[in-house]
Amino acid sequence: MEKLHALYTFLDLAGTFVFAISGAVAAKQRGLDMFGICAIAFTVACGGGIIRDLCIGAIPPAGFTNWRYLVAAIISTGMTIGLYPLVQRLNHPVIFFDALGLSLFAVTGAQKTLAYGHNSEVAVLLGITTAVGGGVMRDILLNRVPIILEKEIYASAALVGALIVVAGNYFKWFSSDWVSIIALIVCFVLRLLALRYRWNLPVYSNDKTGSN
Amino acid sequence: MEKLHALYTFLDLAGTFVFAISGAVAAKQRGLDMFGICAIAFTVACGGGIIRDLCIGAIPPAGFTNWRYLVAAIISTGMTIGLYPLVQRLNHPVIFFDALGLSLFAVTGAQKTLAYGHNSEVAVLLGITTAVGGGVMRDILLNRVPIILEKEIYASAALVGALIVVAGNYFKWFSSDWVSIIALIVCFVLRLLALRYRWNLPVYSNDKTGSN
Amino acid sequence: MEKLHALYTFLDLAGTFVFAISGAVAAKQRGLDMFGICAIAFTVACGGGIIRDLCIGAIPPAGFTNWRYLVAAIISTGMTIGLYPLVQRLNHPVIFFDALGLSLFAVTGAQKTLAYGHNSEVAVLLGITTAVGGGVMRDILLNRVPIILEKEIYASAALVGALIVVAGNYFKWFSSDWVSIIALIVCFVLRLLALRYRWNLPVYSNDKTGSN
């Protein structure tokens, strides 16, 4: 239990940090000011978790009460502004950090929902929400169609991660820690493979209804 | 009571289903992938209800806990993808389904808020929110000004429906079931008439302030 | 306590009213119909407070339960439509009303969060959220990048106001009333000075990474 808690805290903070960096990079590329960058970083980092906490009745949401989240958002804003050449040198930094945060949040979101005693369906849906909520908010604030609705397998990877968490906890194949780690790796690898090989879910465009 | 509950459940599921179809059609027309279509369908179907449940303290929101909503969203996604020529043959499918869902949700939203013991004002406002919330979310996600703010009498019809529910429950003219049915029909007919005859609320444009 | 409560109620209603006017003006300039103007006015006026109330567990949110908020929104809609030449004669009405509402809401938001027994960090973050939440919702609904992320010191002023409230309540320099008044004046003056002298937070654009 102690170990699970430590793992959970670590995953949650790591996810917060990488999501904050992805938000800060997107906001910086859009030319927002320092506060705007920090606000978008915080939104991406905590937005999904705040929606999850509102829905499971964890009031006030952890994103607001726990100073570590705010510090993670501020540090990643500072890093993105101060060490941008470094951040830039990583290939496609936004997308890479995004994939890592996605996996981390899908797993922790589903785990926390189960820990609050809700059923499997809620855990899967709120796992996805935790994972993609912040990114969707970022895209809404930056006034564009959310990337998750148009691009390669993204929320589907979060769905797979959350499903593994729920199935693992249901069938008790492994300890809860191992379930989390497996779900995390599967989701992350799936997302990276989707990016690498440009896997997309089928699109059903209007013009070609006949040919599909 | 039993009968009310059955009616309530039926109206809620029917509203979910038609709203999901309206969302799926809009997402398909925008060229989103399968997951994007399903996500928009689920958002339109459950978005307003989830906001309502958060505001009245029904935690976790019914949209997440009840597998029937998710199934309704998935089925309508499948229908919209697989049977699109059929869906298309209906004249202006999005707008028609939208009007039906609007009426159903305004009524069930106001009824549920009253059932949770909140006052009439909350019931009216959350009736409207349940009715238009999902559609507003759809338009925000698809990056356009919400249709309800620009087009023919829409949220106003939901307002009328919710007002009838609240007044009917307050003055006890009829049984609660009949109040729901009357409110539903009035709201639906009002919306269809507004579409047919292009009824609009007055617009106060800037340039013509003097002439209004 | 009585006096604090009266002051709190007054500030809250005044903030609601000026925010509603700012929302109504923006919606009118966009050519929305009467319902759309009223909806945007209500959203700007109560949106931030509703998010705050959901996050601190004040269910149902005050914006829905208290008829005075709705009346304030309706009156300001009427004023903006009927007395537009008057509203227009005020220089830059949207921005001026916005600054006043911003200060009022940052202070009342932080005070209410503290009154519900949450910690300082939650109070600061929800003070900012109360202040800018409605405006951000307005910009999302009108389909533009939120003004607060691009323009002169805005949310930063709310941050300063909320910080003064929290610090004042923590160190007990003055009575809570005086703390509110001081925070309000500092935030308002800071915002007006930022507008007057075009103070901006530093922007870190991509192209000039080397020169920054």
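Each chain carries a letter (A, B and C) given by its place in the written order, and its residues are counted from 1.
Methods note: a residue touches a chain if its C-beta (ideal position, glycine included) is under 8 Å from a C-beta of that chain, and two chains touch if they have at least 3 such contacts.
The structure displayed is predicted, hence computed values, not measured ones.
S.K.: In degrees and to the nearest 5, what turn takes the CA positions of subunit A onto those of subunit B?
M.R.: 120
S.K.: Any idea if subunit B and subunit C meet via the same residues, over half in common, or different ones?
M.R.: Result for this pair: different.
S.K.: If you average the Cα atoms of subunit B and of subunit C to get two centres, how far apart are those centres in Å?
M.R.: Result: the chain centres lie 29 Å from each other.
S.K.: If a residue has to touch 2 or more other chains to count, which residues of subunit B qualify?
M.R.: 54, 140, 143
S.K.: In their shared complex, at which residues does subunit B touch subunit A?
M.R.: Residue positions touching the partner: 27-37, 39-40, 50, 54, 59-61, 64-65, 67, 70, 81, 84-85, 140-143.
S.K.: Show me the residue ranges of subunit C that touch subunit A in the complex, using the header's touch definition.
M.R.: 54-57, 118-119, 121-122, 125-126, 136, 140, 143-146, 148-150, 153, 155-156, 159, 200-206, 209
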